């Protein structure tokens, strides 16, 4: 396998300026060193996908950006501000929102409480009507307990609740995990629509078939490093390489 | 039947607050085979595993091991019947040396685990066997290293050596390759292949190429249910599997 | 749940020879006490508490279980021994046996109840059980409630050693302490200790290897309780009384403090901790309730900055187990 | 039969204190994962603040009900900020040890300055006297204690289960990291929660000041009973700890009537029985 | 294990120091250990005040001028028998203490009693209530000053029954001291034609007495006898007021109550209570004079309690014995024998004697707590309602089981 570390972003697919710049990001879980120097960029209005095997460090990358990993070094520039030392609540208030892999629906809260939990941090979030328009199921189930929802509904709730905060940069960790194809399709449509609304999205996916329907660019993570990167148009050409990288 | 299949489940179900992590799974593991359980993230593989080894209580269904109903048994007792598991994240005893790790497993069957009045030097009689097991998994030179100081891949190997020390009839391996680099993966795969001559193996694995090479039979889980079952070559032709595993929009 | 002492343990394997050297030095120093002019009763009392702390440490340092009720074993054995000596007029060796047996039975009962829960629940249950026992002893006729059992005859050990002589008593207590200490050391370094250690390190894994971990924790609890009882029986000969103090929860707290100061999960820590705390109580006694305040402050300081304890820090520095 | 009713009512009064204290413990445990051993000492501080307010500042009981929980709550928040917060991520037994140390310090300081015997605190004039219920003479103050603590308990329950703030709190109990990543200042919330739990203890202290004497050790023995209450109830839910608190007060009251010698031990005996049948407690989640 | 030298009273002259120990018989060194509860339940009634009382006794004796070298150390037994015995043992072994004074808390007092006997020291107990000190567990080294359970029961019990309180209900602390008080009082009540209609035992340190008070109320007894002490007594009294028990016509009899307890309860609640003490600061000119000097030296300006007064009187009497012996023989039995042979007389307790069993005999007084309107000062609490001569108040020697009497 080629160990080509690529620091510079490949050809820009998005139109806007660099909204996120990650340089030499290293992170630790307790004693174990997980990220060994991650470098990549995200431009405003793009959907960027991190691909990689289980345990490669994709989720850790998102969590490091969000500031919820104990020890991290390097630099993370968000809108030209370095946030590597900021606490996660401050980072959230700067306009980054995170939807975790396990979705994090709170069982002791009902759907309405779950939906309203993240505070509005700045103007420009989607109003509730628009969210219900995107996810009509949620409106019907506002008073159910959060974890009584189906897996798909939980995922929609998890995405829905970070839309009203006003954050313009969304990080979604494996939103399709464990979901039925028809739901996956629906999530794909949602992401596409969010992109149209002007959101910038950083996606972690194993399912690159799904990713290919929404992403502008890809980075491949292995052993806590970015080892490759290409745009959506280059995907087909990189297919074989990808199979080796991901072991699927 | 009981002879042919070492482990069978009927209608195995686990519900978490309305969410079915595992639903109505019927699994039959043939004695002496390497059986792989695959599926996308969140398909319920690990839950299934925890049910089989009794670390979780099933909401419904039955588990038969060697023809005996083990549904209501405690996890330690299941292990004592020769059904031993490994964990997704490496499970070693960090502040004990590799040799001591293996010895703890040897000790359970062969000796004096409640003897608090004897010196632990009586355990030295297990040293040869422990060293042999370490050699088998390529850890000869690590015998006196505390487990916490070993590299990740070595810890996984140590875990397998510890499991082998119990001389189980069946091993359940939960993502034995998770978090490993290529070199390690090949080594562990070879090791699994080698030990499968003696033991029945049920493994959860994400790495399809590993599964393809190793396993005799594969069960595909999605959303807690069995989607398909068969040999790799059969499954690759199955459209449903491709779609579930590789995702919608597959060309 | 992560083990309490995870970050406090030295990672180097046990150096049994080093530990035996330290042990011999400790034994010689203690044996020289009667010739030193140090008040022997102070040392005897400290030895009893040191043994108690070592027994407690067996449970938390090697079993990962924080008992907040260890005074109940100390006190129960004390009452049993005192009663046997005073009312039944048994010789000292049998008196000790009765006390230890009492603690043994108690630890079986309380262990059966408490071992089913872990972590803080275990601590709260042991605390509540010891408080239950406190009230029982407060009202039971044979303990003489608030007055305690007083004026306990010391007698002749094995018909030979006259325990009313302070020097003889001192050596008997010292031998008892050293024997208890060595037994605990042996337990830690036994096949059983090995399993116990593996359970503390990774209980899930131990279960998956087929260990019924509750049984091992239970045995550790019973051993710890019984040895704590032995300390209580010895203490009866030193103090010549048995009172509610020894069953009160503040005594349980003191034992925790001694072990914490010395170093949880270290071999010699509890001994050092016990001597330090007893000496502190002795020399700071004039400050009245400030002693409580100082003890509380030591708790706070230890937990916040000094979790390894005195011996733990030294061991960590030397990268040796002590 | 009349005497029985009277004892039931008296039990309910004690239950009020158990409920307020175990409620505070449960709230703190939920957020901080700490069994607050200092709870008894802070309960005592509540009573002392009321005493100081009256004897030094001439400030009456009603103001004390408001001021004492705030003062002690702020004190608690300082403790949390300076000490407890450093324990995040450590085994929660360290929390138990730390708060035990804090309890020793607080109690020791008060004992030094005020001795162990009690200081008097009079029942406020408005609540003096009693009424004849037919089956008993109920001092108005005791009736007030039951009613007021019920109101406080229900208000706390409402705050936590039914409000926006409570939703944040519940969410942070489940997954503090994620809640913080939503932009909520969780450390501040933890501090405030500790203040709230401790404030409840102080409130109980003020309530008890006119009934019991204001003594440095008034909370020390009570807290162990409350621990037993908590083990029985299992700290699974806010409502659970309130109900268990009141129920055990009543059971204790009945014991005082039928077999007074056991009144000190009945809660512990009950704890043993519950543990034998249901090791996780009545409403408990697994530890 | 707790000792401290609060004050080293090196009262001797340089000459005395150089000659000290020169001749055994003329040994004029004395070391007094004031062992008390310095910070707990009994700290206010004994504690630092008892040490002060002992110091004043030393000063008032004028022995320093006669070449005596007297030192006082004090210790805190924390109400724990094992700590008390450990201190006592160390005092004798290491610090060479001659006499231990005060020691409130019956449990500790009895434990220390054994040690003093073993080490042949002198024990002047003032703080403890148990009459066992001069009865079943009497010792040739012990003098018990001030009060005991028998005296309390007899004086209070007899007076109240005679005043018409002939039906009793007991609230008894469930331990030896409480049981002894109840037993002794019951004997007096029945002997005087009264009746005990019921009782309830409560655990020690009960915060809440309401259930027990409800039972006492239901019994309709005229007198509710409180056979308990300290915080339990004050709590019972306060809560009884709350439940309107006194207003309902029943009367409370506190069998053991101290000045400091009344202070804690407050006159508003305590008014009308009957109880027995053997000393009150406001009895006569001598007691007032002593109390004035005493309170000036106290942190909170409190006058002496009867326990502290007993320490003063006991130490003064001890010095009389030493002077009579012409030096300190450091032999406890010998000194106590001398103390018993001399009649007692001092400003605080008046005239009396020490019986062969070690019991000091002096008058006992029945008091009633004043109404707030009657009180003229911060410590003006008591009204004298009766007195009993010493020989009637304490255990008659014929009833005593003390082994010393059988010689």
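A few points about this structure:
Per-chain residue numbering starts at 1, and chain names A, B, C, D and E are given in the order in which the chains are listed.
One rule holds in what follows: a contact is a pair of C-beta atoms (placed from the backbone, for glycine too) under 8 Å apart; a residue touches a chain by one contact, two chains touch by 3 or more.
No experiment lies behind these values; they were computed from the predicted model shown.
Across the assembly, the mean Cα position most removed from that of chain E is the one of A.
Counting C-beta pairs in contact across A-B and across A-D gives the higher total for A-B. Separating the CA-averaged centres of chain B and chain C is a span of 42 Å.
Distance between chain centres (mean CA atoms), chain A to chain C: 54 Å.
Centre-to-centre separation between chain B and chain D, using Cα means, comes to 48 Å.
Multi-chain contact residues of chain A (touching two or more other chains): 107. In chain B, no position touches at least two other chains. For chain E, the set of residues that touch two or more other chains comprises 39, 174, 203. Here, these are the chain pairs in contact: A-B, A-D, B-C, C-D, C-E, D-E.
Against chain E, the residues of chain C that register as touching in their complex are 39, 41-42, 45, 135, 138-139, 144-148, 150-151, 239-241, 243, 245-246, 278, 281-282, 285-286, 288-289. Of all the residues in chain B, the ones that touch chain A in their complex are 16-19, 40-44, 152, 175, 178-182, 206-210, 222-223, 243-251.
Contact residues of chain C toward chain B in the complex are 9, 11-13, 183, 186-187, 189-195, 197-198, 201-202, 204-213, 215-216, 219, 223. By the touch rule above, chain D contacts chain E in their complex via residues 3, 6-7, 10-11, 13-14, 111-112, 115-120, 122-123, 129-130, 136-137, 139, 141-142, 208, 211-213, 215, 218, 221-222, 253, 256-257, 260-261, 263-264.
Every residue of chain E that touches chain C in the complex is listed here, in rising order: 1-6, 38-39, 75-76, 80-83, 85-86, 89-90, 93-94, 105-107, 110-111, 114, 130, 174-177, 203-204.
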